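By written order: A, B, C and D. Residues from 1 in each chain.
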Amino acid sequence: MKFEMSFPDPLYGHIRVTHLERIIIDLPEFQRLKRIKQLGVASIVFSGAQHTRFEHCLGTMHISDLIYERIKADFDEEDHQKVRIAGLLHDVGHAPFSHTFELALKMMNLNIKFFHEENTKKICEKISLSKKKDEMSQFITGDLNSYFKTIGKIATGDKEGLSSKDKFLSSIISGEIDADRIDYLLRDSLHTGVHFIGFKLSLLLESISRNEERFELIIGKQGEYRAFHERMAIAIAEAFLISRYHHYEYIVNHPRNISANLIFVKAFENSLIRLKNKDPVLYDIELNRFFNECDDQDLINFIYKHGDQQAIDLINNYKNGMILKHIFDLKSFALLPKI
Amino acid sequence: MKFEMSFPDPLYGHIRVTHLERIIIDLPEFQRLKRIKQLGVASIVFSGAQHTRFEHCLGTMHISDLIYERIKADFDEEDHQKVRIAGLLHDVGHAPFSHTFELALKMMNLNIKFFHEENTKKICEKISLSKKKDEMSQFITGDLNSYFKTIGKIATGDKEGLSSKDKFLSSIISGEIDADRIDYLLRDSLHTGVHFIGFKLSLLLESISRNEERFELIIGKQGEYRAFHERMAIAIAEAFLISRYHHYEYIVNHPRNISANLIFVKAFENSLIRLKNKDPVLYDIELNRFFNECDDQDLINFIYKHGDQQAIDLINNYKNGMILKHIFDLKSFALLPKI
Amino acid sequence: MKFEMSFPDPLYGHIRVTHLERIIIDLPEFQRLKRIKQLGVASIVFSGAQHTRFEHCLGTMHISDLIYERIKADFDEEDHQKVRIAGLLHDVGHAPFSHTFELALKMMNLNIKFFHEENTKKICEKISLSKKKDEMSQFITGDLNSYFKTIGKIATGDKEGLSSKDKFLSSIISGEIDADRIDYLLRDSLHTGVHFIGFKLSLLLESISRNEERFELIIGKQGEYRAFHERMAIAIAEAFLISRYHHYEYIVNHPRNISANLIFVKAFENSLIRLKNKDPVLYDIELNRFFNECDDQDLINFIYKHGDQQAIDLINNYKNGMILKHIFDLKSFALLPKI
Amino acid sequence: MKFEMSFPDPLYGHIRVTHLERIIIDLPEFQRLKRIKQLGVASIVFSGAQHTRFEHCLGTMHISDLIYERIKADFDEEDHQKVRIAGLLHDVGHAPFSHTFELALKMMNLNIKFFHEENTKKICEKISLSKKKDEMSQFITGDLNSYFKTIGKIATGDKEGLSSKDKFLSSIISGEIDADRIDYLLRDSLHTGVHFIGFKLSLLLESISRNEERFELIIGKQGEYRAFHERMAIAIAEAFLISRYHHYEYIVNHPRNISANLIFVKAFENSLIRLKNKDPVLYDIELNRFFNECDDQDLINFIYKHGDQQAIDLINNYKNGMILKHIFDLKSFALLPKI
């Protein structure tokens, strides 16, 4: 890898990027992620949770790199670049307020499949058509379009049609224990100020090995690594999964976070329905824009423009940290499990 | 102090608040700070710098408390509450994009004194008139209005008319080495991902003593503290001041940060002038709102509404991370020294 | 509390001590702990594990203080001082290589009850007879001897004859989730360089409440603390217990650590038996000294002096990091569960 | 590099080692470093300062690697292995209580050049003759003896006769800003619990470039790295040097540390002179052993064996944390500047 520049990062110090990665980061499709908060409305409870998908995507690229370096074996420089870019783009299809947004669409029983994995794949393909396509082509062997099609699949864990090697790369970004989850557990913990991280990154990395098309947390060959035993790898895997469980229990499913989510779902649903009834053509255009151009503020502006007074009041209350009591007391509501 | 709840915090774990503090935090005047980034446009260079004045104000209250606890001596519970609230409110008068905003006003040669210290004092007084005034009065001896007037002075370092005790409290929040600066050096460093923090908080706190109306970094009485000597306190003071210098040199005066600031100054100035020419009455109203109600997004919306096409393009470029090259190369431009 | 000086600490910054605590720390009984490693032979596997019982005891005092401050309610300054001193002295009775040492005595089927809890109580009483007894008396109401008798019971969790208040203080130092365990989990993790700490100290402290004679991790009164719910306290308790389990699984029961322990047990047992056979009087004297005066190096010197050539070879091998292979492969041997 | 195992490390997570490095680490010459404290007697002031030369040497190897990776350019795998081993062995010649020991020899006006740099070179050569020499030879092209001779020179900054490439490698370990100093500043800070570290490792690494036979903190080619400017590299260099200055001012030259050092110098000098007078032959043998076989405890045992009662009392007092007052008040005594 020839690195060209680096981004300072609260978790990992500096994250280095290649020229090709820098081109992608500078595209509007990726810059948009700077304006979408990683945890959406959760900053109402955890005031430090202001971090964005942009930082998380850089971080996922970085962790993908660390896992890759540990088990590269028979891979080459192109595979290395591929897994990094897939990590970088794995969340590029998220709408503003991501899960809240998708929940609103679900509640409206819209028969659309506008969800972020699909959208990530679409945007990856779109990137191959951007005005920077010739510059990007210099760094890639083969067709740019099919390259980014593959990236989209690796990034979202859609293994259909992937080569055995690419399936393995995909398992680095999208598995049970993967670069995406490692980064968001660490990053959300740092910024919320609470954490339940019972595993240590360096220890987890030391216990990684490759098992054909997946990477694993167990050292295959007996005695290869003096300090490690199967038993230790089990402890690390346990610790990781329990950390994830507590992270959900405490942060994602925090009663006030859930209340804030419901407020947004209600207000956004109201605005969408009103626009749909008033101007179905514009409605279709706008809905599409959310997945491609909009950021968190655009969604708020949308509610101010199309919502009724009650919807506007909900958003104003949200902005002032006010959550309705009877929503606040709900305890068992569960969000979509994957963030 | 009887604490009622706490806020998780990335730097200090949890920050506890009393009932009176919670009332203040819940006011719209304070909630607004959740939507004003601490470092304004700097997130274009340091993508992690998404943290807000809200977190910084809680943090300043917390550090004020730690300094106070170290040297409380003949103070009482009311003084304790006072210095905490002054720390909490010390930045409540900041406009969105704070220093950028003030620079634009300065460049327009407006003969107004709309700057944040003055405004902080005004908002402190306004708080004493809020609809929660009766509830707040229960926690205060004496007149609420004059209480918050004093708070405003302590918070901004305006020592005129303050009692000797209050002057001392003010030195905790606003001096050469103070709670405000300690918190922003630590907090900006955490979030930008770069740091030049050559002092350790616990060590600095251990070396604090009181010298009449100021607190100091030198242990007065020989031998009072076995592990500390005058020489050590000098080392800590040196380390603090150099950290501050490097922080400015690296983060605040980063060439791309300065470029981004200039872009905003230009675009905002353009929008203000256009509005002033078109509708001087609305212009006055809006200008006033910036200091009282507006957040970062309101300022951006203002430019979109009142700026010419060039101003709008500048903001769009900013949102996509694009900084004009010839601005980027300026090296020696200096922002206002105090952030 | 009037603090007189402080000790720098890798975990908590600085740990402050009162004049009375400083007198105790300066006694030879306590200084001895500086020369007894917290994790005994484990430094053969975790080269950073050089930290001592001295630091752990200061740390336990510090955590006791934090828990106490959270729930002091109707306690007074004397109770505060008491729980701090009990935390400070809770491990003062450990022999060098603590658990290894006790295991050797057990294996010899010695019908003695020389174990560290009993010994801690004895040394606490001895402290009340030290040459500093008059100076200490100035800080205590009532009889010094019965004061330190009580301290010994609080420190070791021996609740027999304790007042209801003191039982509560004892639960802070010696329970399921206690100051002792919090400190050693954090401290061992820092120094070994591996960690499985899935709980955050500040969060754990926020969730503490008092339930008569025990402290608990559940907020009793509904709504007392806005950010906390019963569910959260459960998550924290779970996270703590699992951290403890993984800590044992990984650090204490690390195969090479267990091997090194067995080597010491064998060599020490051999030396003891040889001395017993040769000079039973000296044997009794020496055995007693181990609990009162000896440090890690004294135990090693004892083996060099009284062990046979095989015992000496084992220690020489240990010093050079050499562990016999067939011991190394044992996987399921379990040490005494409490360290 | 093909890594075989790793050591957990409090600062860097895990430090990986190759098979050749592991052979060296397992030699008694290197294992000895596990029993020599990095900061000698300083643990009397900073109770956490129990860390050893062993950990520091692994750490210096690790930092050498990070610097090397940043600027490897036209180097090959053999150079990589070379700079790592030189980092690993750079302190292998230290006597117990290192600087204290050397000061005692100096004060005796012994006309010997037994100092640690020279001794490091000697031990490096000795390693090439160890019983593992055939196994080591498999990993090295050319003669083992001249290989380790070169290692000794690279490790100690003795550039005489080194190739241009090797001179550069040497500047990584031994310059103004080097792997040795980076590691000990970070490591001593962690363990003492005080720090004055005003630079961030990742930032320092990002600003490194190569200037013929030295590495530098300035990015040569304009614009190569978007986020960095000459000005930033200057800030980092300033921050590093000031950190080093404060580290000395506070930790190394702490009055009580200096007092403890003088105590040891006195007691050791007394024991040496007494032995010299009594048995000059044994004296020569013992003196030689200190540099080759002895650890901290051996030096203490030496004083107990050969010192007069006053010397023994000094050591006993030291073990109990007692420092003579009149020594303690000395303020301006300076140790040898390099630790």
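The definition used in the following text is that a contact is a pair of C-beta atoms (placed from the backbone, for glycine too) under 8 Å apart; a residue touches a chain by one contact, two chains touch by 3 or more.
Note that this is a predicted model, so its numbers are computed, not measured.
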Which neighbours does chain A have in common with chain D?
B, C
Contact-pair count is greater, between B-C and B-D, for B-D
Cα centroid separation between chain B and chain C, in whole Å?
44
Geometric centre distance via CA averages, chain D-chain C, whole Å
32
Listing for chain D: what residues touch at least two other chains?
7-8, 13-14, 194, 200, 203, 227
Across the complex, what residues on chain D touch chain A?
4-8, 12-14, 200-203, 205-206, 224-227
Residues of chain A that touch chain B when the two form their complex:
7-11, 13-14, 26, 28, 31, 34-35, 37, 43, 46-48, 50-52, 54-55, 58, 190-194, 297, 300-301, 319-322
Interface with chain D, chain B side, in the complex: residues 45, 194-200, 203, 227, 229, 231-232, 235, 238-239, 242-243, 246, 249-250, 255, 331
